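Could you have a look at this structure, given as structure tokens, before my questions?
Chain IDs A, B, C, D, E and F follow the sequence of writing; residue 1 opens each chain.
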Amino acid sequence: MYEIGVVYRNIARADRAAADRLAAFGSATVHEALGRVGLLKPTIRAIYGGAQVSGTAVTVLLQPGDNWMLHVAAEQIQDGDIVVAGVTAECSDGYFGDLLATSFKARGARALVIDAGVRDVRVLAGMGFPVWSKCISAKGTVKATLGSVNVPVVCAGALVAPGDVIVADDDGVVCVPAARAAAVADAAAAREANEGAKRAKLTAGVLGLDMYAMREPLAKAGLRYVD
Amino acid sequence: MYEIGVVYRNIARADRAAADRLAAFGSATVHEALGRVGLLKPTIRAIYGGAQVSGTAVTVLLQPGDNWMLHVAAEQIQDGDIVVAGVTAECSDGYFGDLLATSFKARGARALVIDAGVRDVRVLAGMGFPVWSKCISAKGTVKATLGSVNVPVVCAGALVAPGDVIVADDDGVVCVPAARAAAVADAAAAREANEGAKRAKLTAGVLGLDMYAMREPLAKAGLRYVD
Amino acid sequence: MYEIGVVYRNIARADRAAADRLAAFGSATVHEALGRVGLLKPTIRAIYGGAQVSGTAVTVLLQPGDNWMLHVAAEQIQDGDIVVAGVTAECSDGYFGDLLATSFKARGARALVIDAGVRDVRVLAGMGFPVWSKCISAKGTVKATLGSVNVPVVCAGALVAPGDVIVADDDGVVCVPAARAAAVADAAAAREANEGAKRAKLTAGVLGLDMYAMREPLAKAGLRYVD
Amino acid sequence: MYEIGVVYRNIARADRAAADRLAAFGSATVHEALGRVGLLKPTIRAIYGGAQVSGTAVTVLLQPGDNWMLHVAAEQIQDGDIVVAGVTAECSDGYFGDLLATSFKARGARALVIDAGVRDVRVLAGMGFPVWSKCISAKGTVKATLGSVNVPVVCAGALVAPGDVIVADDDGVVCVPAARAAAVADAAAAREANEGAKRAKLTAGVLGLDMYAMREPLAKAGLRYVD
Amino acid sequence: MYEIGVVYRNIARADRAAADRLAAFGSATVHEALGRVGLLKPTIRAIYGGAQVSGTAVTVLLQPGDNWMLHVAAEQIQDGDIVVAGVTAECSDGYFGDLLATSFKARGARALVIDAGVRDVRVLAGMGFPVWSKCISAKGTVKATLGSVNVPVVCAGALVAPGDVIVADDDGVVCVPAARAAAVADAAAAREANEGAKRAKLTAGVLGLDMYAMREPLAKAGLRYVD
Amino acid sequence: MYEIGVVYRNIARADRAAADRLAAFGSATVHEALGRVGLLKPTIRAIYGGAQVSGTAVTVLLQPGDNWMLHVAAEQIQDGDIVVAGVTAECSDGYFGDLLATSFKARGARALVIDAGVRDVRVLAGMGFPVWSKCISAKGTVKATLGSVNVPVVCAGALVAPGDVIVADDDGVVCVPAARAAAVADAAAAREANEGAKRAKLTAGVLGLDMYAMREPLAKAGLRYVD
């Protein structure tokens, strides 16, 4: 249950170095390294392709059709943050456009993840300010009702606490608990370490069946080949 | 972000009397009394009409296609609880049927709220064990992967902590923080207190325009009547 | 495009007798008799089964999350009307509950058709006030922004003008232009006239293939039977 | 890929006794007994609750907005059949109503399963002719384009061959290959045989954790209890 | 309710200069300037990014699976028009491809907005003929049933009258009533006039909180800061 | 109904030359040439624009959340194949990423069509390995449960047999039965043959109304022009 009408100014951000390291692994590898939890639903998509970022979450709880709290959140942004916004009810309005993006960027934000719509998407792409959103809509919002900033929020089905690390790319968005950022980065690095060798083998035509020694477990599971 | 593989045995349940009082108000009145937060998305529906319950949440975090943790949760159920289950990823499988319902009921559970599918719905209706679910599906699940019990879960977009009060009826499901249960019950009672008088006036043909003194604010907002 | 902030008090309602006759035919027959236009999308469903009504449309244009105009509309209701409400943007909130239903019923309304959510559905069923809606939601609305009453509205993809005849049952909702109500009632009656004879034949095992003389056109279209 | 414009008159129906036995187990048990395949997607729902049937499939391939082939199919129905209809493209029209139901019933059909819409649903319920459909729509169809009868069809994502056994109830619809009907009925009976004992234990408060001996595998999987 | 089988040849197009001016503001600004009405649902998307157009609406009412009326509409196109097509029922077929685009372009059309599917999308992008559609589908249509041209149509939930101005870009599609085109263009220009100054301030790190003087109303609404 | 746990090693692939010819026509023309059947639902989309391919189907039946069978399928791939994967239940997980793509490509596969999610989409685009999928998701899968390879599968509502020809581009994906590949290629070529002349006429401003001689049938159907 949400706390409404509160702005927490002091949040425990994940270790900066760990947060920054996570971007390079991408959401898929980080999600694996984290034990397959923390993924936002694939209903959240990048508004333009190719961006790959990580950063510490400043969270925002919005009311439907009302983007007032995004302005409040701007003041809480520090360099290296990613703003993550949930809404208290389903809404497809365009909460965020080029002016807010200009402000967020000036404050040091790296991206926005929002479980609602955004607009001015061509301008946002031109500015290089990446956004992951539920939809795109020209419909604006009002500034009338309080939500909160830096309370835990649900965004696209995932729970995001302020200070958690967000990793986002074309595959999706994953949330890493602040306390586990460094460990997850290490685990992700370990996963990647032997991928080069695997890729070389597969390129040479070696089958995953052999490389991963799957033939025996498949036979044991009863797989039958018919000529 | 979820904690996986943990069962919390001691949870702080909301005050029993307050939790029990809330059922009678129904989800709509409680949602208003709570300040319009805490509502699960309307994608969650009752599998049969007419049930209206409240109870304290025992939460379950499930893995997709795997209902193992519902069996683990059964042991944590106390009289007056409602089991609330979220899933780490979208899944429409039938996680729950008549045998589990028999067990839950025997343990004292009043209902299940699950962000996935259930089955044996005709038998469940016959047993009078109410369920609010995302869908109905004959497809069963396995018992292979750990989730957790009594950690905070996201269910249909809402955050539910163990011990919170769940109020559910044909209008939907709302989650009341344990600490606010009594206050919300009072607020709900206050809302209802003067509904009888209002209903009588409206039945007699008095308009809401007059009863709520809306004519002036409407005129001020610029409403124009054309004959 | 919508006119905002206006209430038209004098609307040209369809002929009462024709409007009343249409209920008995049901939405499917009326839709056929009308030439297969005017049907609201099947996303609009009855909140309880078994109701079958017709009436003249009082239209309401609502803003998302705001039911103010339903109160304004109540004053414009006359005996035999059905209130039809569109929203300027997608919204699943519960705009309408038992108090408004009490008021609408007292004013003579026969039903509500709304491209959004409603609540108190069990009470509405108990009152016998039928509603066709997009969804059911405990989430209430505010009273802050003007819409309009008795302007043409889009409801579930269909255009409804004030005074048109609405026919609604378990199969759906259809809108008949006021000017055509009598003709459509006649056409619907003609369709029904020989249904009894058809039903008797089909019950006796006569095939539609023979009753409708389909064998020749099927053969001409190239249908091939394989033994 | 579909064969268009063909009616196969001689199909190999599943053994009648086996087909008839399957109804009593219901779709969930049969789906388990079958190895968790053959289930139609839960987008297909019963138009009224409480029906539970099994029968041999007469399949129909329909064109969007065109129910001609349902009339052709009627002639191929034998006692104990269930008509299963797929469409060559998504369509929500009402393909089937009370007259076709009268004809199907007179020919011996037990039910219709259709990946599209139906209408006259109140009459169908009154007749006791059960239908599982994707939606309900008053919108009728034309009779202009050929499809096929008794070719394999895809219905709600499942492949159904003519003569297969269909089992349908409030939990969903499952398709059992004709050749496996007897074996699946035996497997389903075996599943049910010890359910009574289980239910008695669970009613008495025995936990599934103990009854199914889950505590050890859970501990092995690493489940941790926190007091 | 729709008029079927009619082509209106003489429509009152919006003032050409005003219609042409609106493109530059984009759909979001125009939607605001219009008072937040007239927006098509965000289910309608551009088939390729970057196009931004305005023009006067030639409207088409299509039947499901039938694109005959698009050919009829071609003759009614004048330089600077945008064709807007609604369908009498949900349909995802590909109504429009490169040949029709060639014809529309030759007649002076600037774009197509259609509440259904289109195909040949790569060729359309190559031609630079922008389309906003509900989906993309290779499935073609027939030419068998009449609809209408230049009657008011519902497209993606919005009412569009022939001659209205359509403004479309990557954010969506908005419909401006012909009579208000000039006034809306002026209002949009006024909105844009001071955006440059705002953007400069925000770039310099000034907060919206201060620039828009939000601190006092936020405090009045009860916003609480916690350190 | 599916056969589980089987790999068919010898499949009757469509004639190579015919299979290869079909790519150039694109999915829309091939779908027409085939008689408007065989199209996968438009829920399946290319993960990047511009690819246009054809090839012979190696089919895979997957279990939800489990990509084991994709590894098994890799061994069955021959030069010129396209892997087509269905799932026994709805699943949006990311079954396929850059390592599997490396392997598939090394084995000679031209593309993947999958009724589920994929990941590493930026890498896949960089590799030039085209994929048509239901969604994009960073969520990985396990390797625990058998499916099958080279059995007929349902993919996005269409039935695909091993060896059939798959044609895929930005408009969608169509499946051509192996036996009809050459005939369909001829029919597609015939359709295209006179498109150049048509395009020239339309570019010159000739109307489809005249080029296709539609005026008379339109008048016969009752089309009315109003000035």
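To be clear about the criterion, contacts are C-beta pairs under 8 Å (C-beta built on N, C-alpha and C of every residue); 3 or more make two chains touch, one makes a residue touch a chain.
This is a predicted model, so every value here is computed, not measured.
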Requested in this report: Identify the chains in contact with chain E as well as chain F, in label order.
Outcome: A, D
Report task. Determine whether chain C and chain D, two copies of the same sequence, contact each other through the same residue numbers or different ones, counting it as same when over half of the numbers at the interface appear on both sides. Result -> different
Report task. Any chance you could check whether B-D or C-E wins on number of contacting C-beta pairs? Result -> B-D
Query raised in the report: What is the distance in Å between the mean C-alpha positions of chain B and chain C?
Result: 31
Query raised in the report: Taking each chain's centre as the mean of its CA atoms, how far is chain D from chain F in angstrom?
Result: 28
Report task. Would you kindly tell me how far, in whole Å, the mean C-alpha position of chain F lies from that of chain C? Result -> 40
Query raised in the report: Residues of chain B that touch two or more other chains: which are they?
Result: 36, 39, 89-90, 92, 139
**Report entry** Chain-to-chain touches, reported pairwise for every pair that qualifies
**Finding:** A-B, A-C, A-E, A-F, B-C, B-D, B-F, C-D, C-E, D-E, D-F, E-F
**Report entry** Footprint of chain E on chain C - complex, ascending
**Finding:** 1-2, 4, 34-39, 41, 88-90, 152, 154, 157-161, 164, 175-177, 180
Requested in this report: Would you tell me which residues of chain E are touching chain D in their complex?
Outcome: 64-65, 89-93, 139, 144
Query - Residues on chain C engaged by chain B in the complex (per definition of touch) - result: 5-10, 68, 71-72, 74-75, 92, 94, 97-100, 102-103, 106-107, 117, 119-122, 135-140, 143, 145-146
Report task. Within their complex, state which residues of chain D touch chain B. Result -> 26-28, 31-32, 36, 39, 42, 45, 49-50, 52, 169-172, 174, 195, 198-199, 202-205, 207-209, 212, 214, 218, 221-227
